[in-house]
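You will see two complexes here that share subunit A, one where it goes with subunit B and one where it goes with subunit C.
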Partner chain A sequence: MALTALVKDDNGSTDGMRSYSQTNSALKDSEIIQSVGTKSFSTNAQNNAQFEPTNVTEVRSFKNLSELKTLTSLLAMHLSRETRSIIFSEIDYLLDPNDFDISEDSLISPESFQSYLRFLTYYPSVCPGNLGVAFSGDLFAVWLEEDGDNEKLLNIEFLPEDHVKCSFSNKKETKLEEAFSYVGPMKRLEKTLAPYSLMDFRPYVI
Partner chain B sequence: MSYSQLGKDEHVVRNVSKQRWREVSGKKIVFQQAFALRKKEQLKPPNNKRDEASLSCSWVEFFSGGLEDQVNSCRKALLTGGLIIGAHNALAVCNVGKLEKCGETHDVKIRALHKPNKNNTSKAGIDGMTVKTQTDQLLMDITEIAVVEVFKVGELE
Partner chain C sequence: MSTQKYNRPPIVQAVFEVRFDGDSNKRIMERIVKKLSSRYPNTEQEHTWNFQIDGEKAPEVTQSPVAAGYKLSSSEKTDVVLIKPNSFAVVRHAPYEGWDVFKEEFENVWSVVKKICGFRPVTRLALRYINRLDIPLPSTKHEVPGILEESDYINIAVVVPKDIVPAFNRYNIEFASTTSREFKYTVRTGPAPAPLVDHFSIVLDLDVYKDIDLPQDESAVFSVVEELREEKNYLFENFVTDRAKKLFEREI
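The block that comes next holds the complex of A and B.
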């Protein structure tokens, strides 16, 4: 099963879904250093570099965003440029300081984010997915596959220390055909997902 | 204060942060995390003395008109009640009967109650779940079965 996810295009549009293709073009160290040093993390983040936070909420979300991008740079050698670009675009959207509601939105736990990054390096053929944030601050990724009336939805929430909370549903028209959930170590995901033909989750040994 | 229970054919609408829903191929999908009750440590004062016990929402049929008009009225009522609803948020409409059915499947007695207050007379709550009984499977069933319509706030008038 080829898992696909919605990603924003260059104009920031979220219309349409496109497949993600893995490339192995890792970032050069010099690019990372330059990127972190100038805060020019991504196309969207360039706007953030000029953004001057004016209240506590904006400062918090901006700091959280910077911290997550710095964590990404530490693993950049294992992530393709495309993967990194999608991750940055997703977290820019989720933590946009101009549009952050402290009563409903949550900052992203760095520990959860690290588990997500390790997930991407462990399963490099899997696209980054659509990201979201649980009330706990844990990051989750969602993949959707539609085939006629069939709709498969995979939701993986990343817990600290490489653990995950995973839910899968297969819906035909409006009827739920099958569903399961799993909580445990990330490395057992492949075995857990195998019966459901979610075999894009092949492990990658570093 | 006694609250009235909403019927199976009625609907409630829940405000969903942009962090917990997405539009994929023109289809609006609400993620199960949007229906999770918060633990007390995830709540802000003064509401952080105990775990959340009810999912806040609005009663759709309290207002007249077509579904979109009703949901828009709910949005206005939520704003009056002091809630901040960003243009990127979504409003997820749930059928009460389907919510109850999801609960039955997982041995949880879910019910939707009308809980009006002076700021929001359409205020309602989805009661019956607890932080301990809200399994991932139950939350997934709610988003997959009980959510019948999703509106992006920015697309409403």
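The block that comes next holds the complex of A and C.
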């Protein structure tokens, strides 16, 4: 019996996705050609300068970047053009295959990134923040609220399944007035941070 | 350029697909890939592997992998082109930026394919739109009162005896029919994982196509595509409720 590894579309569906029974997984977006042996890929990178991932590290960072962009497209209709552009610019920077150094940089956990996207849609008035990657691969964002000599710094690390690890500090004239941390569901963040408004925080350039 | 009807179009994927009579060989597919590479810089190649399974022996590859097609994608991963020996498909992932933008995209790809392959009889034209309705759950911060009833949002329902099945949380519906203009269509719907917090999602997948009596003249082909779109829109507007449409109209 000869078997072919290429999954055929038996129900005559228009290409792009297979039957609906597979649509749910496709919507998670491993999609379209994942069922076949992907043997090679290349990219010309964004500026169309020829870029060919030549080693394992470059391939991994490139694949990670692709996966995160695909995840973003799943809820892109709920993000403004500006927010989406900021997110892409941040992850392009963090995972630039030309600069990625496996000894210093971490790939971004897709589960953490999903929590971040869900955070942005749950708190749609919050700006995306400046992004970084923890050694664990979890994404974190940093925001700052400044008022004269007063400074409030907020750091949120996005854990899988809509959980966050948050630290907050409030300085007045360089003196630490208060600080606290929180680990738990992102939905409780608004109450945890009361009376500070999440919306007042702006991205903090690290 | 026409404006979009909805601020949050629920389209997760829009697919335009053309199937041809006869296969392209690998060299022709590679030429198409090369020609499209500036717009779609990321290329993945797919292969078909043939295995022989014989009793208790380990599966054995019986021939070298065969080039089955290419997947090209834009740098943002939102635009994808699938090149196969007897078809090509243009896929737009969310955010959908309107028919005019999508149409321009597939017309450009069509033009490249036509120049490289020459005339090939068209055997099937299709538009497939996979929509996902993201519905806020009641009693959350979205303050939607009452109980979530799917029939408030979509006009396709599972009918079961309530005394035997008072509630269920998973179903799939698929049906096929023909429009008044004799276009065939398949509809698939069912719950899907919700990408938003405190939401419930339903997929509405509309696949409208024509595979008989197709014109071969290019302008007539594009007229058929416009008709497919009209039929797809008519179906969509009738399968979702006004309450669902309000969700798509909300500003971001």
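Please note the rule applied: the second predicted complex is superposed on the first by the 148 of 206 C-alpha atoms of A that agree within 3 Å, B and C clash if a C-alpha of one lies under 4 Å from a C-alpha of the other, contacts with A are read in each partner's own complex, and residues count from 1 in each chain.
The rule we apply is simple: contacts are C-beta pairs under 8 Å (C-beta built on N, C-alpha and C of every residue); 3 or more make two chains touch, one makes a residue touch a chain.
These numbers come from a predicted model, not from an experiment.
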| item | value |
| --- | --- |
| Most subunit A residues touched (candidates subunit B, subunit C) | C |
| Touched partner set for A:106, first subunit B, second subunit C, both or neither | first |
| Subunit B versus subunit C as contact partner of A:73, first or second or both or neither | second |
| Touching partner for A:84 - first (subunit B), second (subunit C), both, neither | second |
| Touching partner for A:142 - first (subunit B), second (subunit C), both, neither | first |
| Intersection of the subunit A residues that touch subunit B with those that touch subunit C | 5-6, 14-17 |
| In the complex with subunit B, residue positions of subunit A that touch it | 5-6, 14-17, 93-94, 99, 101-106, 130, 132-136, 140, 142, 144, 146, 153, 155, 157, 165, 167, 169, 171, 174, 176, 179-181, 183 |
| Complex interface listing, subunit C residues touching subunit A | 8-13, 15, 17, 37-38, 41-53, 59, 62, 65, 68-69, 71, 73, 75-78, 80, 82, 84, 87, 89, 91, 93-96, 126-128, 130, 132, 134, 141, 172, 174, 186, 188, 190, 192-193, 195-198, 203, 205, 207, 209, 252 |
| Interfacial residue positions of subunit A with respect to subunit C in the complex | 1-6, 11-17, 19-21, 23-24, 27-28, 32-33, 36-46, 48, 66, 69-70, 73-81, 84, 88, 114, 117-118, 121-122, 124, 162, 186-187 |
| Subunit A-touching residues of subunit B, taken from the complex the two chains share | 15, 17-27, 29, 31-33, 36, 38-39, 42, 44, 83-84, 86, 88-89, 135-137, 140-141, 144-145 |
